[in-house]
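In the two complexes that follow, subunit A is the common piece, with subunit B as its partner first and subunit C second.
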Partner chain A sequence: MSSLRILVSFKVTPDYEALREADWLAGAAVGTAEGAAQGVETRYVRRILNCFDESALEIALRLSEARAERGAATGLGALSVGGRETEPYLKTLLALGYDRAARGEAEAALDFAPAVVAALIAEYVRQVDHSDLLLLGCRGGPGDSGTVPFMVAEALGWPCLTQVIEVEPLPDDRVRVACMADDGLLRATLRLPCVLAVGNAVVSQLRVPTLTDRLARRDRRIDIVSGADLGVDIAGELRREPCVLVGLEAIDRARRGVIIGGETPREKARVLFDSHLKSVIEKL
Partner chain B sequence: MPLSREAVVEGLQRIVGPEDVITDEHILVQSSVDNFRKLQNIFDVHTMPVPAAIVMARSTAKVAEILRFADENGVNVIPRTGATATEGGLESAVADSVIIDGSPMNQIVSIDAYNMQATCQCGAPLQALEDRVREQGLTTGHSPQSKPVAHMGGLVATRSIGQFSTLYGGIEDMVVGLEAVFPGGQVTRIKNVPRRAAGPDIRHVVIGNEGALCFITEVTVKLFPYFPENNTFLGWTLKDMKTGFEALRAVMVSGFKPSVARVYDPGDAGIHFSHFAAEDDCVLLFMAEGPAGIARATAEGIATVVAGFPECKPVEAAYIETWFNDLCWDASKIVAEDERIRQTRNVNRTTEISADWGSINDIYQAAKARIIAEIPDITMMGGHSSHSYINGANMYFNYFFNVVDVGPEQETDKYYLPIIGIICEETLKRGGSIVHHHGIGKARTPWVKDEYGSSYYILETLKHAFDPNGIMNVGTIIPK
Partner chain C sequence: MRFAAILDGASGAAAQQAQALGAFLREGLSGDLAGETLVFYGDDSDRKRLVELAPTRAVRLIKTAARRPDRMAEILTALVRGEQIPLLLFPGGAAGTELATRLACRTNGAVLTDALSVEVGPEHLLCRKNVYSGHMVGRFALTARPWCVTIDASWNDERARTSLGHDVLSDSDETDETGATPFEDLELVDPPATGNLADSRFLVVAGRGAGSRKGVERIAAAAGRMGASFGVTRPVAMNAWAPMDRLIGVSGTRAAPALCIVVGASGAPALYWGIEKAAFIVAIDPDEHAPIVRNADAAVLDDGVAIIEELAQIIAAERGND
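On to the complex of A and B.
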């Protein structure tokens, strides 16, 4: 096997779980001069790694290790489009053995601008990284349309598989991929280059570097690339395709509940079965 | 001649009926450990003796009968309610132990808003009690991170403390009376009075006994007026923990009573506050609460005191408030954490100690340096101080390590216990206490004699007096 260059593009997002309903509603209620809602204030909650991207980052590490066992070299790169909040994550990835780390600098919030994000990623791949395989999460939080992987693939002219849950190396620089499809599991063997959009993968957690790993690789540099560096006119693109938040509505998650009576667990189980489960089972 | 496992189960079934004696092997194996050896449950690799049964206790009278049976037959019993212990207090140290589970005794007996006290059974979840008293504009003032899952009996038995302790105190300041059952079935009730000077305060024989002396069946705790609308948060970033401890001390000795007073070191702050703090920042934070005038004056007073430390740079209060609102861990967070450990073998552990103001920073610095130097595979070594007093504070060491080259069941021997050992040694060397609020359990018994010094005589005598046959939670507090 020859050397393979893998790039993982990831997003650092606010921890939306830490927002209260009141925070969401406040964001929906405050109108701006243009009549749009203000948007939810997320700067007070901590940042986390987008869960699908976290899977992609760990899958890439495992892919690299599996190739190393076969004597094949792999170059691992990580790219995140965002502000300085992404840098601790990039440092962590360098400590874990990623040999390239880059931050795509964006002068404006790109939460609702998939075309701009995709253009930055694609141009980085084409002009700077020259990767063979691009992994990224299939979507990145409530503000994400899930279209970035497709747009990147289109811009690069590469094939794209989505809802990827497993990636294995093959001896000849191809990869075997498992994807969730509507009617089951799809297994495919792919020639590179390609884009893989990772979904609910079995691997969902990124490993953690030791303090020793961090110390050993603390001098590794994070490259900063701007839209101008890549020839992407971010401000112009945003003007061409403005995205306005019209409003937010709370999802009614209330569910009816019944408290089952009975003296013993056996009695309660009987009531549960007779009055709730039996009819459901009979319909199956 | 000890009873056989089967005879123990039969004896219990005669007392409470077969429905309330759990003998399912899987449940018993899982109940052989608590969070101290949580990797054994996460990876399903077990090494501890399997209990003979779990008996569900539904009344004080039944607890008394069970304890009489256990005492007469030399059966080790392990009292538990919410089962959230972290220091091995719920481990079965000897074969064929019986776990007495008080979680069915979950009634809130009374909420007395006039006398400002609430009585509940041992299995009442703290969250349920807090929710009920809040309906009346009151609070227990007790808010450990385990609030969504812990029960009142266990909270009293482990001498727990909550996030608002600097104002309301620990559980020992809240319990006014209780009921407990001692070996042999002796039921004792300590009445609810504001204070008394009728000899030693016998509540303290029970509070913090960790199931090694008795089984707590009912507790009465104080209630306080609740003014959430007046809660005021304050926060600063700063560059070193020594200044942080100095600022905490300055606030405390100036006579202010924040409900929360904390300082986080850069490692721990990196987990919680990286969205506003730099990589090498510590974070100092406070919360003031109470009636409007008091909350306002407290917040203003704290701000004035901290202004005397120019190194401290203020941050927007909303950062602290938003973070604080999401601090408690519930069942879903526990499940997510278990999955994280299963996949990464990266384990988060904590150890909390206390010491006077003159020693606390030295203990923090010394223990941290030794752990980084001596323990392999550390991925984060940090901590915070979360409870302040007029004469000192606690230090809550928070650390992560990768479990490498050993099975998950060996995690405690290779990493956790050696780290606890370093923290205990550095604490004892400087006159501090090896346990601030988790209890001794079984994990910290190797250091308990040094912790107590000559007063160990009192502890040992209590154990012999109340549990002469040694059936109460063998190996907990007192080494096996």
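On to the complex of A and C.
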């Protein structure tokens, strides 16, 4: 089995659940500048790994371990397009055994610019990392478009599968993949290079490095790569973006919200059943 | 203006996708439009059934190998370039996202996924879609044509279909065995296990407030005693307290039950998307400020496991008395 270079591209996102309702409403009220909506102010909110990307990062580690058991070498790389908030995560990945960690410098807000993000990832793969396998989450971020994996695949001329839930290395330059297609669980073998976009995988949490791991690898550095380094004119690409956010609307989901009275769980359950559920359940 | 709806007849989800496209064409699309359905098929015996499914009167059939999105993208690219079709509508889901994105990339067009609505303007296509994990709706202007749009998974049509009296405009054979398939040993292992969640009339959903795997199991057992289906939120599935195929919400199943009881979940939009079509929602959560409390029809402010177990006892007793 020859050496394999895996790159995982991941995104660090604000924890939307930590945002106050007033901030969402303020986001809807913000005016537009040059036709593009400003988006919601999320800079003060704590950051988390996009859940699908987290799965992809752990799957890559397990792929590397599975190959090592067969005596095959694997180079693991991680890339995140974003600001400095991504660097603690890149440090963690280096401590976990990733060999390469890079931050794609986002010189402008790319929240709703999947084509620009995809161009940066594709050029990094092509010019810098020379990866054989690109793993990333199937969707994520404010725009939640799910298009980036396919845009990267188009730019590289590679096949792509999305909603991937399992990846198994084969004893040659191929991988066996399971993914959730629209009509069932699909299994397929892909020849490398390819793009795999991870979905609701059972492997969903990234392991935590030990202090010893962190200390042993603390000197490893994060590479900073700009659009200019990769020949991507971010400002120009943003001006040419053919799908532009022009406004935001708040969503009113409120229902009656009747609070059920009672002293004990038994009393409350009885009131709930008698006053609301009995008639509904009888009609089921 | 002309549009084309795309239907992948080789997919086992073709019927649902055709229904969703039909609902979208009637209620989600506005503008002066005339359209046709491009139906991809692999097996001659499927043609009649697929024509009947088409959401427009005008139908064009295209024969090609099944599960070859690369070939479908090539065929669509040539078609769009040759005929200058300005708007292409794809079903929601993985296959629609792939085709729409690949087509937009190859034709220098614009792609937008999961559209709630589409309005054709004089210069732009104006689309609305959920953003920020369902916390808001974004309005987008698509400039470069062709506009390649997938529809949101919430589009559905449960009404009985009446035959449109279809006109089959063409039937072309684009089967090309020369290109190497990117996928080997392809097999569809089984249908989605979540089907009963999507069709459930009575659903109980457990959230992180269950506290532990044991808590989730107690809620699942109570759901079983009540005769309800059982689903979970993403944090519960990610903690491996329940299998991923029980997931309700943006990245799982969207249900439309008559009754939905949400136990120990804050009601984040990503979950709420999966239950918002429920006719009656009950929240059980100790936090009176949790969004699910005001977004429910009725709420019990208490420990979720205790309440649901009491409720299961009452419902089981009532049923026993029937």
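Here, the second predicted complex is superposed on the first by the 233 of 284 C-alpha atoms of A that agree within 3 Å, B and C clash if a C-alpha of one lies under 4 Å from a C-alpha of the other, contacts with A are read in each partner's own complex, and residues count from 1 in each chain.
By definition in this document, contacts are C-beta pairs under 8 Å (C-beta built on N, C-alpha and C of every residue); 3 or more make two chains touch, one makes a residue touch a chain.
From a predicted model like this one, the values you see are computed outputs, not experimental measurements.
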{"item": "Between subunit B and subunit C, more extensive residue contact with subunit A", "value": "C"}
{"item": "Which superposed partner A:Arg43 touches (first subunit B, second subunit C, both, neither)", "value": "first"}
{"item": "First, second, both or neither for A:Trp24, with subunit B first and subunit C second", "value": "second"}
{"item": "Which of subunit B and subunit C A:Arg266 touches, first, second, both or neither", "value": "both"}
{"item": "Touched partner set for A:Arg239, first subunit B, second subunit C, both or neither", "value": "neither"}
{"item": "First, second, both or neither for A:Thr210, with subunit B first and subunit C second", "value": "first"}
{"item": "Subunit A positions touched by subunit B in one structure and by subunit C in the second", "value": "17, 19, 204-205, 265-266"}
{"item": "Complex interface listing, subunit C residues touching subunit A", "value": "11-13, 17, 67, 70, 91, 93-98, 100-102, 104-106, 108-114, 126, 128, 130-144, 182-192, 201-202, 227, 234, 237-238, 240, 243-244, 247, 250-252, 258-259, 266, 268-269, 272, 276, 279-282, 288, 291, 293-303, 306-307, 309-311, 313-315, 318"}
{"item": "Residue ranges of subunit A touching subunit B (in the complex, touch as defined)", "value": "14, 17-20, 23, 43-47, 85, 88, 203-211, 264-266"}
{"item": "Residues of subunit B that touch subunit A when the two form their complex", "value": "19, 270, 272-275, 279, 316, 318-319, 321-323, 325-326, 339-340, 343-344, 346, 372, 377-381, 400-402"}
{"item": "For the subunit A and subunit C complex, residues of the former touching the latter", "value": "16-17, 19, 21, 24, 27-28, 35, 37, 40, 51-52, 112, 138, 142-147, 150-151, 153-155, 159-163, 165, 174, 176, 178-191, 194, 199-202, 204-205, 242-251, 253-260, 265-266, 268-270, 272-273, 275-278, 280-281, 283-284"}
